[in-house]
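Letters A, B and C mark the chains as written, and numbering starts fresh at 1 in each.
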Amino acid sequence: MTHNWMIGAAVAVSLGGLAGGVSADTLRLLTWGGYAPDDVIEMFEEETGHTVEVTLSNNEEMIAKLRATGGGGFDLAQPSQDRIAGPQAEFGIYKPIDLSRIDASQFIESMLTATKLNTTVGDEVYGVPHVWGTSGLVLDTAKAGMVTDYTDLCGDEVAGKVSYRLKRPTLIGFAFAMGMDPFAAYGDPVAYENIMNQVETALIDCKPNVKTYWGGGDELMGLVRSGEVVAAMAWDTGGWKLNADNPDVTFVAPESGALGWIDTFVLPAKGKADDAAYDWINFVMRPEVSAKITEASGNFTASLGADEFASDALKARFQNSFPPEAIDNIKWYPPVPAGLEAIEGGVLDRIKAAN
Amino acid sequence: MAQGTKLGFYLLLTPLVLWLGLLIIIPHIDMALLSLRERVGVGEYATSLANYRGFFGEPIYMWTFLRTAMMSMLATVVTLIIAFPVSYYIAKIAKGRVQSVLFLLCLVPFWVSELVRTFGWMILLRETGLFSSLLQWTGLADGPVEMLYNDVAMMVGLVYTSMLFMVVPLVTMLESLDDAVIEAGYDLGGSGASVLREIVIPHAMPGIVSGSIVVFMLSLGNYLTPTMLGGKDSLWFTELIYSQFIVRFNWELGAAFGFMLLILSSLIVWVTLRLTGQTLEKTMGS
Amino acid sequence: MTPDLECQGLTKQFDETTAVRGVSFSVAPGSFFSILGPSGCGKTTIMRMIAGFLEPTDGDIRIKGKSMLNVAPNKRPVNMVFQHLALFPMMNVADNIGYGLRRKGLGKSEIARKVGEVLDRIGLPGIETRKPDELSGGQKQRVAIARCMVLEPDVLLLDEPLGALDLKLRERMKIELKSLQAEFDTTFVYITHDQSEALVMSDQIAVMNAGQFEQVGSARDLYYRPKTAFVAGFVGDSNRWRGTVERVDGNRIALRTADGMLIAGATQGAPLATGSAAEIFLRPEAVRVAQDAADLAHFDNRLRGEVSSLLFNGAASRILVRGESGPEIEVTLPQSGEFANLTKGAPVHIGWSGDQTACFAAGS
């Protein structure tokens, strides 16, 4: 991530056509940290003879990379399910999934159905689910026990010891905590902008409370571990990892509901190794393999029966953070219609610029 | 024979043309075209100046650019003020081994990546960091002191990152100044200040200008240091460009921002050169 | 009359080495004083101590009677013309010359007037706006001197300023420097390793060797009456023998060289004892050449030999003569031209007076 990445992107465009010589049984995987642990790759390579090249990224960069190459350079990518339909309609960077090549019996059926629905453009399905998790509150319960929802992050008790990302999940989370339903307003730009304007005011008022807007997971872990931050909006896994070091720190589902996300498998439009990609999907969805991924990433998968293989400690943490009513209250991201990012972008810019 | 010479000439020229063409000219043309595109619907675009209107229409963008430019200038000035005595010491006072060791010390931070260097500063400046602990230990502070996530921390990071790019041209220029010329300055009645003002600085001017241009542009184009050390108020122009391209998927506006950065920063450099009576040829040709 | 410059017991120690060892001298007002010595003899160190760039380890420097110890270089009434002149390349001629005046706080118009005046005096009027790199070597030289002289220093120091010039220009500048010195009527202290520069220009010359002055005197004194073997060898050309003293009669001695040649000579400095080792110096122009031995009868040293080499150099032509024994002797041909037809291998007689030689104890 350097300042001349733009040139890099342009080079990638011009060199995109040259990258075709890669052997078909090399799987170029664009994914998140922890989703392709070394031992899983080793097992896969041994069993199938394919080789795997992993590139770590996040939602926005995955889409930007694929957009820069028109969907080339990778054979399999893992964006969140709400970020597939919009970019596909706009940029056409994915290719449809041949569902006959997927072993549907390995998936939790409800999750597969929901993901297929959310990633359908026209008549084609573009994504199948892999890993899921939530965003909520990571708290040092000894010092920030009074925080029960996102809006509590702006309370005086935790002034100067709060951190969250300046990204869209924060806007959505605050909107829910303020009693609004941004997902319901997805289809109505005017209503959505109205919600976002209220969130903007709240977040600008909240700014003095914030120590810093965290950017990467490691940065947040450092802030909480050192005690510089006692309350943050973050992913569940971050809280659980910290819980292993300090029992006071854990992930708490906010009262207004944790935000649920599902990371998927998609095929980039110019992927060259579809066979290897389908092999990989069917391989990692096996319950015992999925358990390994859960162990590495801290998140559960859409693999049917993988829970049995998960460690007791992780299960305990999960149950602790999610009483049954909290699970029911998870707000799953619907697909983001194109154009919403522009509204959110303006809001985020103004919050950043506010003093 | 003539044929061979011609072939050799073109062979020598090829890398330069490829470099300029593939890495600089074509991407910029592409960016220019991109910046003139306006999204009118899903996958539909029209040519317009909407993105540039967007830049000038939203005060935040202009304000962010101005802030970035001012901070970069300040970083340049601070770097110059620190680098000049250091360079003078290396070029004129230190001898032999000490000289090379000092020069090497300026280089050492560049053996690790910018990310690692910035993390180093975060470890030092954070609330639970080294400086804070030291202050508490010596009794100068009652509680933890947060020195990270403010403009000063950002400035420290920028200056640190830029140091070498100022020291190298300054040392080169100062080394080319004959010691006898400095001595002549003293001999003819000059004091330290007047020798510095009338002899050393005028001689080092091309180095000062080229170093300042490089540091200014590096600071302006820096992304990591402002975002990591500057915290919630860092507000750097490159962040805006990054978020337009990556977070918003709004390449068109991002490209327009990129072009504005190019144009405005070139303008600033040009005006500064004019005001100081320097020319680019004099500076780069030295 | 107080001397313009007076040094007493001047000593400079650098770590292990002593660069200057107890040097004392004084320079009369308005005179041209040169310090002549091979490179590394310590002459530059003396100059830098006078200018104030080095602190003496011991001794005193007085200018017009005032001690200069602990006076910063920019406060001393001396100025220096550097070896490579050190004109300020970033300034034009007027600013170069005006630099010192500006430091003194003079007004703009007065500086302009003074700069114009001094440029007139050095014969380069109207070059104010030129840059140093647009000047010829000789012009730079004069501007460098003008830059110092405009400050009217008590003493002007010149550190081998002609070293970088080509031969022709150097010859001309020697004369020009001398006349500039007369023009400005200022005390010049000039250091050089080039004896001809020192001999041509100076009123007084100090010959320096290994941190000490060997002899101070006029060019004539040094040339004709060297006090040490070093001076005799360093100033001018000499034929040179080593031998043992066989006979002493007042300041006249007889010396036997290793080849068995017996030479009559005279001591210039300390007397020599019979049997001691000695060095003898003989100027080539002190030797007479003749076709006939009878013409040389009045000399106490006579020799027959043949021309082994002809060294034609116009008015300063010489020959090398090889006698029956001993090394070749360098002889200056008389300018009358009577030996113009001498050829290599021709038999000649040569002779010289013992009074024209200079003998010193060997190894001193």
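Just so we're on the same page, contacts are C-beta pairs under 8 Å (C-beta built on N, C-alpha and C of every residue); 3 or more make two chains touch, one makes a residue touch a chain.
Please read these numbers as outputs of a predicted model, since none were measured by experiment.
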For this session: Report the topology of the inter-chain touch graph, choosing from line, ring, star, complete and other.
Result: line
Problem set entry | Top chain pair, ranked by number of contacting C-beta pairs | A-B
Exercise. Which chain is the middle one, judged by CA centres?
Worked result: B
Problem set entry | Whole-Å gap separating chain A and chain C, where each centre is the average of the chain's CA atoms | 89
Seminar exercise, completed: chain B to chain C, mean C-alpha position gap in Å, rounds to 56
Seminar exercise, completed: Averaging C-alpha coordinates per chain, one finds the centres of chain A and chain B separated by a number of Å equal to 35
For this session: Over in the complex, which chain B residues touch chain C? Could you list them?
Result: 178, 180-181, 183-191, 194, 198-199, 202-203, 205
Problem set entry | For the chain A and chain B complex, residues of the former touching the latter | 1-7, 9-11, 13-14, 60-61, 63-64, 67, 87, 89-92, 160, 166-167, 207, 210-213, 215, 226-228, 338, 341-342, 344-346, 348-350, 352-353, 355
Problem set entry | chain A contact footprint on chain B (complex, rising order) | 22-24, 26-27, 30-31, 42-43, 58, 60-61, 63-64, 114, 126-128, 146, 148-149, 221-224, 227-228, 231-233, 235, 238-251, 254, 258
Exercise. In their shared complex, at which residues does chain C touch chain B?
Worked result: 51-53, 72-75, 78-80, 82-84, 86-91, 99-100, 103-104, 147-148, 151
